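First chain A sits with chain B, and in the next complex the same chain sits with chain C.
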Partner chain A sequence: MAFKLPGLIGGLGITFKTMLQGAVTVQYPHEKEQPPARSRGVIALHEDNCTSCMLCSRACPDWCIYIEGHKEERPARREGGRPRAVNLLDRFDIDYALCMYCGICVEVCPFDALFWSPEYEYSEPNIASLLHNKDRLGEWFHTVPEVEPLEVGAAPVAKAKK
Partner chain B sequence: MSSTEQPVTPTNDSPDFKAVPDFEVAPGMQRHLADARVNVELDTGDMIINLGPQHPATHGTLRLVVRLDGERVIAADPVIGYMHRGYEKLTEFRTYPQVTTLINRIDWLSSFANEVPFVHAAEQLMEIEAPPRAQYIRTALTELSRIATFLLFLGEMGLQVGALTPAFYGFRDREHVLNLIESATGGRFHPNFNRIGGLKDDLPWGWIAETRNVMKIVLDACDVFEDLVLGNEIFQARTRSVGIIPGELGASYGVSGSNLRASGVDWDLRRDGAPYLAYPELDFEVFTHPDGDSFARYWVRLQETRESARMVLQLLDKMPSGPIMAKVARIIKVPAGESWVETENPLGQMGYYVVSKGGTGPFRVKIRSASFSNVSILPWMLRGVYVPDVVTILASLYFILGDIDR
Partner chain C sequence: MSVLALEIGWGWMLAFKALVILLIVPLGALVLGYTFLLKMMSHMQSRLGPMDPGGFHGWFQLVGDGLKFLQKEDIIPEDADRRVFAFAPVIVVISTFLMFVVIPIGPVAIVANLDVGVFYALAVSSLSVIGVLMAGWSSANKFALMGALRAAGQLIAYELPLLLAVVGVVMQAGTMSLQGIVSAQQNGSIFGWSGIGNPFIFTQIIGFLLFMIAAQAELSQTPFDMPVAESELVAGYMVEYSGFRFLFFFIGEFGTATAFAALAATLFLGGWSLPGVHGLPAELLGPLVLFVKLMGVAFLMFWVRFTYPRLREDQLQAIAWKFLIPIALANIIVTAIIKVAF
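Right after this comes the complex of A and B.
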């Protein structure tokens, strides 16, 4: 009968080999891993594009977006024209304590005012501080990555995403 | 002790006491008889203890009320519902895109595979079909989530029988797969990538090449687990002929997926069910094991992880080009009707029964989740096993509490 290496010894060989390969873990506060560009980290707001249409607020599955706005009259652009009414944003809050990070709000926004950013370092000791107002959401805007190219075989995007 | 009182039962002090009764016994049996006598004297009754709700072997809050005679389980009663979140009711107040977000959270280890049957049910009602490229990407991501789920199992199972090392390897290799899912969908655990009629987005540049590399890592990991865990004598001693499910009994309890295939029932919805996704165009094998014990369940899941990796490689080779979204209105309204779609999820058969009354959200959704039925066989399985085996049986059944309680 051929000699069979006991499974215990074989297993020790594997752990020994793994030991020589070095660590795969990252010491987080000192080294950071960059999440992929598509990663849903935090929602950024481009305030100038927002018309306070409330679509994102209504599409949210747990209703954690709070929007208030008002209309203001602006003088006519041309001589003899009618004065225009514009929507101005008073309040745009996202409660990240409730957010499920589904991305439906970003998708339904017809005016390109909401974007995903892969930033993730915004934990707070106080749960009330997770309510980000429009200034804080606007600060995330500069972290939004460029639209990345698609894989071979993808259909060209029909509608340019600006 | 006063001389007038006689002890009712003889004690060790009394002259009448004999550790071994007077009849002839085989020499080896004397110790056992003494033990039995002690049991009778001390009247060791059954003990009822709770394993859980927070027991490390249950992946969540499963409470197991077991009745013990010493180390042996006489009866076991799983108590579920600690994680009930009421998804079936919640869906009635959400629109279809919002429901996809919710059902990500049913079985959180294989979220992508959960979305597929629901989206299919809605697509059937609307009589649309996702384009072939979307079907292929869906299939690839479903198989990736199956690999991620099983890699965790392959490590976790070692942990439950007392080996810490495989758990680290399982997590390490699963991380590669989760990174792939994240780079394509944006979410590690909750992708929310399926849309009715297709997918949210196409794959990012370089994803296919990266997936090929990771599949090599997965196949190597399967070899490692085969040597490290399956070949280990201690593991075999702990799992062989422990927790046997007879095939027919398992099927009558509603056990499905790898648990049933490990009992020798050759039934896989990817091959035997109504055709869905790109499975009819794939060449794959369905593994069964005749034993039905914990070891068989581990063996079957290991083989299926390998097979899934091969299926992903096939899908990448055959990936068609084209659009990923069918023509769908911006506000989705599903025509009135009912549909039932069942798929082979990593944990077993998962089905959605969707009733629509023509609105933007479903009227009623019934969710058939695999773990709920898999756990229903526990009272039968746990009768007469020892307490340490309860842990290996729970681990080898591999259920997710979110999937049980919904």
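Right after this comes the complex of A and C.
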């Protein structure tokens, strides 16, 4: 049996020091952690930007986005033009019982209608209540934080090509 | 109890003593379990442990757990040897209760001041291995049997260094009675200086370390927790137990930890005694003083428990037979030589 006493005493020292350092626990219901700005809490919908193009719904790996819409005719923008057809959103539901928070829908949305919000307190006793409709998703939009300014010296954001 | 100027019949006295012992074991288990298992371990792992039950730092948690165990179904496996299975936890707890019989908490506050107090305490503490073996054998479960056999091998191996470690103290005090050992420490002197008496931890530091290591194994606490090794044996001999029988094992575990801590405090730290305090003040302060010393010793035990990983079965036996016992024997020889020479 090798002589291992220094290591044994060092181990005791580590646990003793840790004990005096205090805990890292956040007492959740009494005190709340501030999640980082870009944390994936809940997906918010900015309804005005949505064209019901279905890209998010199709990109979703577990098919948890339900979109229904219809087309309406709108008068022409310029005189002599044809009346336009506009997509209107009837239903935009995300089933958070299925969602795996991959964020592909947010990435894939070409019209900036979906955003991550760091809010996380929306657990439900009933699983059906985890289906958030477009009004609920729209409420989350108010919690979406401002985009953080870039760090000093960061490369400028590439402009979208027209 | 004449110190308290109370003359009561022996029947009432006996009832009172029995009540105290009956209370001390679960209470000790609760205090140690809460302070060390729930709180100290949590803080050593950078967490808080239970905070809500009872309002103040979760002090009610273990009481609540106990109440929960009481209302659970008492399950006995079909193939189990029913009577033995049901009786095994009781034996484990009885051995814990019996240990407290000889531990003094004041000049006269002791259930029975036996002349062979130390011998008796260590003898009844090893009774629990019978309960453990019964539990493992009667459960009709391979994990339980393995755990029980490991426990038996371990407890037998470590009973020896435990006893040999105490022999030094007994030689120095010249008595096996725990009261005698306490008064030898209280009234002793270190090279003629009697300011703090002569706690045997100074002269018997090797004995103290051996005693703590062996007690750790007797309690099957980490690093000697092979009998209940979760990752290998699920829960060892306790695997088939549920409800209040499991609670008995839990109380037995922490009650025995209390008893061993009290025993170590009595043997090496002077027990209930404070230097220079005699008579009625000692009687009143005694329980408190012993409690403080006991908690100090228990802190050491649980500190080790929450720091080290588990040993292998052969390492365990090697430590006992090749390492602890030779050192204990050498300690006895040295103590004997010094005792005779001075």
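Criterion: the second predicted complex is superposed on the first by the 138 of 162 C-alpha atoms of A that agree within 3 Å, B and C clash if a C-alpha of one lies under 4 Å from a C-alpha of the other, contacts with A are read in each partner's own complex, and residues count from 1 in each chain.
By definition in this document, a residue touches a chain if its C-beta (ideal position, glycine included) is under 8 Å from a C-beta of that chain, and two chains touch if they have at least 3 such contacts.
Everything numeric in this text was worked out from a predicted model, so none of it was measured.
K.L.:
In the three-chain superposition, say which chain, chain B or chain C, touches more residues of chain A.
P.N.:
When the residues of chain A touched by each partner are counted, B comes out ahead.
K.L.:
Should A:125 be classified as contacting the first partner (chain B), the second (chain C), both, or neither?
P.N.:
Neither partner.
K.L.:
Is A:150 in contact with chain B, with chain C, with both, or with neither (first, second, both, neither)?
P.N.:
A:150 contacts chain B only, not chain C.
K.L.:
Is A:116 in contact with chain B, with chain C, with both, or with neither (first, second, both, neither)?
P.N.:
first
K.L.:
Taking the superposition as given, does A:11 touch the first partner, chain B, the second, chain C, both, or neither?
P.N.:
Both partners, chain B and chain C.
K.L.:
With both complexes overlaid on chain A, does A:59 touch chain B (first), chain C (second), both or neither?
P.N.:
first
K.L.:
May I ask you to decide whether A:75 touches chain B, chain C, both, or neither, giving the answer as first, second, both or neither?
P.N.:
In the superposed model, A:75 contacts neither chain B nor chain C.
K.L.:
First (chain B), second (chain C), both or neither: which does A:21 touch?
P.N.:
The answer is second: A:21 touches chain C but not chain B.
K.L.:
Now for A:103: first (chain B), second (chain C), both, or neither, which partner does it touch?
P.N.:
first
K.L.:
Is A:36 touching anything from chain B or chain C once the two structures are fitted on A? First, second, both or neither.
P.N.:
first
K.L.:
Check chain A for residues that touch chain B in one structure and chain C in the other, and list them.
P.N.:
In chain A, positions 8, 11, 14-15, 18, 24 sit in both the chain B and chain C interfaces.
K.L.:
Which part of chain A faces chain B closely enough to touch in the complex?
P.N.:
6-8, 10-11, 14-15, 18, 24, 35-40, 59, 61, 100-104, 107, 116, 148-155
K.L.:
Quick check: in the complex, which residue numbers of chain C touch chain A?
P.N.:
Contact set of chain C toward chain A: 40, 42-48, 51, 303-304, 306-308, 315, 318-319, 322-323.
K.L.:
Which stretch or stretches of chain A touch chain C in the complex?
P.N.:
Spelled out, the residues of chain A in touch with chain C are 1, 8, 11-12, 14-16, 18-19, 21-25, 27.
K.L.:
Within their complex, state which residues of chain B touch chain A.
P.N.:
Residue positions touching the partner: 94-95, 97-98, 100-102, 104, 133, 165, 169, 172, 175, 179, 182-187, 190, 192, 200-208, 224, 227-229, 231-236, 319-324.
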